[in-house]
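Order as written gives the chain letters A, B, C, D and E; numbering starts at 1 within each chain.
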Amino acid sequence: DTLADVKARGMLNCGVNTGLVGFAAPDANGNWQGFDIAVCKAVAAAVLGDASKVKYVPTTGQTRFTALSSGEVDVLARNSTVTFSRDTDLKLDFVAINYYDGQGFMVPKSLGVTSAKELDGATVCIQTGTTTELNLADYFRANNMKYQPVNIDSNAEGEQQYLAGACDAYTTDASGLAATRAAFANPDDHIILPEIISKEPLAVAVRHGDNNWGDIVRWTFFALVAAEEYGITSANLDEQANTSQNPEVQRLLGKTDDLGKMIGLDAEWAKRAIAASGNYGEIFNATIGEATPIKLARGLNAQWTQGGLMYAPPFR
Amino acid sequence: MSEIHAQTVQYVRDTMLPPAPPPNRQSGPVLWLRENLFSGPLNIALTLLGLAAIWYLVSSIWPWIAHSVWHANSLKECRGIIAATFGEGTTGACWALVRERWSQFVFGFYPSHLWWRPVAAFGFLFVALAPVLFSDSRGIRRWVLFLAAILTVWIMDALGAPTAPLTWVAAIMMLAWLLSEFRPSLLLVMTGLYPALGVWLLWGGSLWSPIVVMLGFGVAYAVYRALERTSSLLAVVGAIAAAVAWWWWIGPWLVPRLNQTVDLAITRVASDSFGGFLLSITIGVSGIAMSLPLGIILALARRSDLPLVKGFAVMFIEFIRGVPLIALLFVASLLLNYFLPPGTNFDIILRVIIMVTLFAAAYMAEVIRGGLAALPKGQYEAADSLGLDYWKAQRLIILPQALKISIPGIVSTFIGMFKDTTLVTFVGLYDPLKATADSVRASVAWKGTYWEPYIFTGAIFFILCFGMSRYSMYLEQRLKREN
Amino acid sequence: MTYVPEALPRTQAGGQPLPREALTETAIQIDRMNKWYGTFHVLRDIDLHVAKGERIVIAGPSGSGKSTLIRCVNRLEEHQSGRIVVDGIELTSDIKNIDRVRSEVGMVFQHFNLFPHLTVLENCTLAPIWVRRLPRRKAEETAMRFLEKVRIPEQAGKYPGQLSGGQQQRVAIARSLCMEPRIMLFDEPTSALDPEMIKEVLDTMIELAEDGMTMLCVTHEMGFAQAVADRVIFMDQGQIVEQNTPKEFFENPQSERTKLFLSQILGH
Amino acid sequence: MLINDRRYRGYTIQVVVFILIMAAAWWLIGNTIENLSRLGKDFNFDFLWKRAGYDIPQVLIPYTADSSHMRAAVVGLLNTLLVAVLGCITATIIGVTAGVLRLSNNWLVARLMTIYVELFRNIPLLLWILVVYAVFTESLPAPRAYSGADPAAHMILFDSIALTNRYTAIPTLNLLHSHGSLNIGWGVTINWATIAYIVVLVLAILAHRALGRWARARQNLTGVRPRTWPISAALFVLPLVALWLYFGIEVVRPTLKGFNFAGGVNVHNALVALWLALSLYTGAFIAEIVRAGVLAVSKGQSEASYALGLSRRRTMSLVVLPQALRVIIPPLISQFLNLTKNSSLAIATGYMDLKATLGGTTLNQTGRELESMVLMMGIYLVLSLIISSAMNLFNARVRLRER
Amino acid sequence: MTYVPEALPRTQAGGQPLPREALTETAIQIDRMNKWYGTFHVLRDIDLHVAKGERIVIAGPSGSGKSTLIRCVNRLEEHQSGRIVVDGIELTSDIKNIDRVRSEVGMVFQHFNLFPHLTVLENCTLAPIWVRRLPRRKAEETAMRFLEKVRIPEQAGKYPGQLSGGQQQRVAIARSLCMEPRIMLFDEPTSALDPEMIKEVLDTMIELAEDGMTMLCVTHEMGFAQAVADRVIFMDQGQIVEQNTPKEFFENPQSERTKLFLSQILGH
């Protein structure tokens, strides 16, 4: 029982990327920051009452699922795409999609390429062990083109290879491309091609079989999304909790209806989760949004009310 | 009588010739040059080739080194400075990166206000090792202790250690020095206590847990001494059983109670804060300390007359030696949970240390086996005929000699293991080489630096490993002198 | 190379056993003992009774099983049938008994087998401390006494590698004596030594003999045999072919084998 | 008591050890089974026959994303073997050269070699791999640099080889008169011409050895060893020339097409860097082994040989080398073993070896970590057992006979 | 340790050179030869003429340059000034000459230096086959002849490691003889041997001497010197201090150094 384990340990083991600026990366002091990290913190806050009680386990594309299924980590928040076989055959449960992404290509401007269709015969840098690797193979085959893969192990390595010209194009999720490009010395020398060759719903995963734990993670995430929908922010959280008349907000923040009890937590779980790093929108803006060097637009990840896909089911 | 008459044969020199100086071409720098560099066409060619290689390397690397920049906040700034001072288009080393991020290479993410703790642990390591490594020479030991003390205190102070620990460390160092001068055998007690002290300093928490763990060894020894009279085998088995019992039941019961009475806790530091050379050295030193005894046991098992024991030892050794270390590390970090009861969770660094230890132990076993095989059979027989039993004979007669013979092999196993600690990067730990360099490079400021981190870590590895290999040569010489 | 001992009064040299008390108590008793190496029958039906204080020299051609025989006495080799009783303890596979016998029986090897990593003194105190559990002080006193007896007390602090062969062998004897054994076994103790050194070792052994130690000695030093042995045993092909007093043995050998053997070793 | 009786003591200990180890094994296996069932997983190797779906840049046998994981694993294994074999060869060459030069009386060269050996022995292999790889990616031009009217980079060796920061483009040989190829199953085909060349080469080697035997026999008979090298050379050259004429061979040079070179073969830097780093690193160890081996043959041996009138060359080949080799070869082979295992560091350059295919992408895509790791470790184990039994065989054959 | 050879008829023992044909032809001629190791002057102004068939023993304290002198004769060491002519060939740095001289001169070392990876027979046939270019059959015949001469033909198939020291040294002599040299150099051939084995080697050397081989022998076996040497040369500090017939040399040494040296080696 994961919940009991985590509580007994007093620590949440969270599998994250080894270093992808904006999503998950340690700063010089070893403090982890990023979009995925916020999910870990929210879960820790909800379950343990302390957002800092997280042990971040850096995982590579190759080790992440093994880490999860062998019990090495309790939650995997490492921009992992949901696929059919991963959900079924790999015995994972993707409980909440926190970022809707798609795979794209980045090329140097000087290459003179404007569309992915012109990449026939190109050398492409790609992280091994990812869905990207499979998508790439499919895409080029479907378009009857050839390519030479250069396999890399981490994003840092990919950047190095790409910048040195060891590959013509770098492919990964569009968000990752943006994050990477943002960190370049001269971001304007590189363009992200318009084609998005796949759907990449990035989700938080837990082990198959422990449904209660899955529920906790799922609803913790939905709490963040719902908070944005209802205008609950880290700034007005206490105020909302005390004064809001919206029954849904009252339920969410534990004023009425002890929802927490149904998943083995206390009443204020969602409040703490939101307090950890704010609601979904706040997290997005603080880590990868337009104001950050990553400069990602909300796009598909806007609230459903704004025409996006972020849609939290009702809390009742 | 032969035709050589006595007169012709007989010859006596009346005056002895004094030694004459050799002909000119027999000495001096010219001769040295001729003999060592230009003695024949092949040699001349080799010399020229060597010079060309040196010239090529120096001319391609020197400008880069010469254009070093030490003060800058980002690579861009570095490049700017280089372009400004040495002209457009020149390249240069940007050591500012090392200057700014050295702590990450050395301490990983260890909290900066606690850096003095690993430093103290490292300093004490020398105190603990001095009586083992330099057992025979008080002079060398004095120097080692002196240097260790001065450097430790100085560095701790520079890293902002509070006064209290500083005084403590200084006091302990002083005590060690006094012991080394007057009662060297007591210094070994410090060696025995070091593991507890080191673990406590590095990970923090209560001092009692490591002490209780160490006490387990004490208990084992006491049981061994008590049972020794009956049978050595029984004593060994009893000792192991007692230690296990101690660790399993009594320890967990004892520690909380001790904590309640006297609280000796300092700030805890979690394993995921470990990184850089701190991580490498932690893994390396504990691996070295544990693989030697394990290697000895494996070697003895492999030489045992009992086919089953021997068989298991052979299987274990061949398995470990036949599989790449990174596969084993992968198993340790990811698959181990499959093999343990559901819900168990133990420290990743500890797991890596265990795997590295097993790996080194298999190699160590082979090295020691060579040493054992080199001992003449007479030594075993003499021990037998004096009435020493197997364990005593091994401990008093066989192993001391076999280990001596195996020293070069043992040290090179150590060096190999220490170098292999860099592979932990592949299981997500922050080794000083790849993971740290990658994470430094991931920051916007230092994106695009390649050589500087490599050169920095490479140089430190070289110094440490080269030091170890020189030490083994010193030891070989010393042992040669002894016999 | 015939050796004439100097340490003994001349009148007693020449193969006469020293007049001593009755040799009645049994120190070693070997009955119908057989031993095989694989299928090779090394020792065949050995019967040998050694009284307390008796000094026996075993001779015989190379490969005749001399070493094997005395190694069986302290169980460095295991016998497969028959009985060996040493000092009242029967040698069976019981480890306890073996250990007891070994601490009663000292053995000196051809190649000394000193422990090179220990000083002479440590070599001598090792077994008393670890087997007899003497306090170190006491063990060292005993060791020095025996080192004096073999006349090399001044070498106590040196390592074996720093000594000559003769000195090493004397240390080996002292080391055995430190366990205060009742029986001493010698396996060709002088055959790895240079001629000058043989004398010093043999002198030491003669002194031991004079003290009444029970001794079983494999040697080809016939001078020594004539001087101190109470009995000479001649072995060939794993069997005891002849035994007799030294005088009779040398002057009047009975079997053809013995005659041949004596002619060879005395001839050169 | 059983423990005090020599006859039973051994059995007692063994039984206890056996029980302990079996208990441990049973415990581990029990845990594994329980954990697997908790996760709803099973332990089977069916995944090996499923579609792999990923591409591998450098393959020795035909492979596409449609091939099975099994095939991917074999491709990985072959890649491991490729780099291991290449590495062993060059490491030996480098090591022997450095070891001999370290003994040379040329002060400068000996020092340089010492520096080389110490540098490589005391710095982790991973660093060397990363450095060599970085040297390739950072200092060589991109393929694009070869394009244009006034290219920034030029091909070397008569415009036949292009060094780029992705790969080294080398020319291939093409047949003018092809005679088809032999399908040896599993999609692997071998050109008849290649087979012909191999057969001819093997025959030439056999003939060469027969010639050597004949020369030896002549020498035994008459004392004079006939000069055989011209015949030997002819044996090798003539048939090859004949085949060359028969098949007609053209050299296909790599040319820049689009993004990359085409026409020749592109040897990826991942392989080259790994190969080079492994060779240099292992070479440093081999150098020490060679040096120790040569030093182990005492000076008296060569002096005795000179005193008999044997020339330097004969002394080397008849006296010194045969003895030095006995000392050198066993540790040399264990270096080969190390190199093979170290090739799993291919992970640092992205070279698709066994660890990267079976133990990497396959494991990751299928989630069969236990099966993949067991299989992978098993394969490495078999490889190393093969190598070490070769060593034992050698040791048994050349052991000096002593008293 | 005085050695009394048995192989020579008694009447000729005692330092009298054997009556032989005129010793006029020169085998080795050394004139004002000097050698330095670095700045250390090892050999100083050596003058030495050795006639064909002459047997010379070189003695002297350790470090006096005896080995260096005979190693210069077959150019294992290079001299720096003066002339060495061996069998009419002057030793210069010409490799041809050196090779010719070396195949005329056999050398036996103190530590045998047999090739451990070759059988005794192969040790003996190696040089004849590769240097003299003899057919193997022929080389083996010769080798067996010389192995018989040194009385170990039955060991031909064994490896050197399987032989005793004395046997090994005799193989070394046979190996040199197989090249049918005109001159033999011996560098303390018996000093690494156990006493029993010295005799067999010296006997072999005496037989050689009887056959009229030119011999230069560094040895301290004074019995051997008295029995077979035509001349004894005494060296000290790199110089020839005294030379004389063995009889004169031993009975009536002239220089103080010689006297001192003789008193030392004969004393013990």
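As a working rule, a contact is a pair of C-beta atoms (placed from the backbone, for glycine too) under 8 Å apart; a residue touches a chain by one contact, two chains touch by 3 or more.
Treat the numbers as computed from the prediction; the structure is a model and nothing was measured.
C-beta contact counts were set side by side for D-E and B-D; B-D has more.
For chain D, the chain with the farthest CA centroid is C.
Here B is the chain whose Cα centre lies closest to the centre of all protein Cα atoms. In the Cα superposition of chain C onto chain E, the rotation angle, rounded to steps of 5, is 165 degrees. Distance between Cα centroids is largest for the pairing of chain A with E. Distance from the chain B centre to the chain C centre is 49 Å, each centre being the mean of its Cα atoms. Computed centre separation for the pair chain A/chain C is 84 angstrom, with centres defined by C-alpha atoms.
Put simply, the C-alpha centre of chain A and that of chain B have 41 angstrom between them. Put simply, the C-alpha centre of chain A and that of chain D have 42 angstrom between them. Residues of chain D in contact with two or more other chains: 4, 9, 35, 38, 134, 138, 347-348, 369.
Counting partner chains per residue, chain C has residues 95 touching two or more of them. Each of the following residues of chain B touches two or more other chains: 231, 330, 334-335, 337-338, 342, 426, 450. Listing the residues of chain A that touch chain B in their complex gives 5, 9, 13, 18-19, 21, 25-30, 55-60, 63, 66-67, 70-72, 154-157, 159-160, 163, 183-185, 293. Residue ranges on chain E touching chain B, taken from their complex, read 17, 19-20, 22-24, 34, 36, 38-41, 44-45, 51, 54, 80-81, 230-231, 236-245, 248, 254-255.
Chain C makes touch with chain D in their complex at residues 78, 92-96, 98.
Chain B meets chain A in the complex at residues 75-76, 101, 104, 108-109, 112, 270, 272-273, 275, 330, 333-338, 342-343, 345, 348, 426-428, 435, 438-439, 441-444, 447-448, 450.
Within the complex formed with chain D, the residues of chain B that make contact are 35-37, 39, 43, 46-47, 49-51, 53-54, 231, 233-234, 305-309, 312, 318-319, 321-327, 330-331, 334-335, 337-342, 415, 419-420, 422-423, 425-426, 433-434, 450-451, 454, 457-458, 461-462, 465-466, 469.
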